[in-house]
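Letters A, B, C and D mark the chains as written, and numbering starts fresh at 1 in each.
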Amino acid sequence: MASVNLVYFAWVRERIGRAEETLELPESVVTAGDLLAYLKTLGEEYEAALEHENVIRVAINQEHVDHGEKIAGAREIALFPPMTGG
Amino acid sequence: MASVNLVYFAWVRERIGRAEETLELPESVVTAGDLLAYLKTLGEEYEAALEHENVIRVAINQEHVDHGEKIAGAREIALFPPMTGG
Amino acid sequence: MIGVAVTVRVQRGDFDLAAEVAALSAGRHDIGAVVTFCGLCRDEAGTLSALELEHYPGMAEAEITRICNEAVARFDLQAATAVHRYGKILPGENIVLVVTASPHRQAAFDGANFIMDFLKTAAPFWKKEHAADGSAGGWVSAKDEDDSARDRWSE
Amino acid sequence: MIGVAVTVRVQRGDFDLAAEVAALSAGRHDIGAVVTFCGLCRDEAGTLSALELEHYPGMAEAEITRICNEAVARFDLQAATAVHRYGKILPGENIVLVVTASPHRQAAFDGANFIMDFLKTAAPFWKKEHAADGSAGGWVSAKDEDDSARDRWSE
């Protein structure tokens, strides 16, 4: 089991109901996409937040990554909706 | 003979040697292009200023015109090189 | 690109347009063009009372810096500044500032335009609307046209 | 276009970027984007001591106003300001300012870009260079690239 800090923003944060947490991930979670699928098994709040997986953006150590990116070595993984700044 | 105020700018002004003048134009001067051709008959300074007729810009009553524009009714005709502001 | 100054700040308070331009150009005699872009909060014909801007601290600065550095490398920029606010922002108030400097005008325009397009689509900020009538506002949706604006730079 | 403010000035003295932006946007809550362009005098790697800008009084203001009105009509502009200096201008000093406001960022960028392209090629101003070594400077030649920049708007 690997321990990772997860941070959530905007409506992902609101739906999950917390801004950050530290989780132990099973070895089967290899990619960012695996992580999304895993989180959805943890409860309704995660299911609601991550329902449309394809729109969820992932950043590892504060850099954008594709869902196919491996998460090994990640200190911090962020999940959030498409950005609307500017 | 029609009387018209002529104004010159930049190197057109420098080569003609004055910034403005009022001239009586013969009836044969109908268009802006006719004016340029007529001025070149008035002396070396005009010939030097208007040598390359096609680059000379003409404004009638402070609006850009083509060389084919008729000058009838003009209060003020300006001759100048291509603009380099901005 | 020696001497190229990239300045990025993410802050709650307002910024000072003139001060940012002065900081970027002071004492230089080689700049031909300075372009600034200010994005402001619109009241949407009176229906909006405020925007609440959430951001990802750390990554916001890092991502905007990456975008500015790319703009500097891609265009002929002598300097680039970007300041993005977060927190509650009222109609008429500033949200974001971008300043670019270049010897040539089109590069300064393109640099600022490029930075804004990527800032909109890649910098981790999210806007929530507060409705003027007190009804529940919502998160602003990302626009396809913003993705299109970004994608034109890779055509 | 009711309420569209076009402000044009031709003046010897410097302008105040922040004051011009404030004048154009003060009290408004419907502006989403303000773009400014400042054109400055470069020292051309130390070879230029000053620019002397000649203009056609009256026509300069009239032509810039025509250009700004066309930009307002063509893009979705809420306001446009253009200030152009004349007389002797030293390296590092401002020459020209354009400010545009729009609900949308690309219109503000395009409006300012359009105004600058036409201002360069149609506003009656002429630059003479004074060389730093005291040798006779000369009139700046019009550039083909400026005509090309203007012509892209009619493509």
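The rule is short, and it goes like this: a residue touches a chain if its C-beta (ideal position, glycine included) is under 8 Å from a C-beta of that chain, and two chains touch if they have at least 3 such contacts.
Since the model is a prediction, treat every value here as computed from it, not as a measurement.
Between the contact lists of subunit A and subunit D, the overlap consists of C. Think of each touching pair as a link: the shortest run of links from subunit B to subunit C has 2 of them. One simple way to say how far apart two chains are is to compare their mean CA positions; for subunit B and subunit D this gives 26 Å. Centre-to-centre separation between subunit A and subunit B, using Cα means, comes to 72 Å. With centres set at the average Cα position, the gap from subunit C to subunit D is 23 Å. Counting partner chains per residue, subunit A shows two or more touched chains at residues 86. Counting partners per residue, subunit D has 39, 105, 116 as the residues that reach two or more other chains. Contacting chain pairs in the structure are A-C, B-D, C-D.
Within the complex, the subunit A residues that touch subunit C are 7, 9-11, 13, 59, 62-64, 78, 80-86. Contact residues on subunit C toward subunit A in their complex (touch as defined above): 39, 53-56, 58-59, 62-63, 84, 95-96, 116, 119-128, 139-142.
Those residues of subunit D that touch subunit C in the shared complex are 16-18, 21, 25, 27-43, 45, 91-92, 103, 105-106, 108-109, 112-113, 116, 149.
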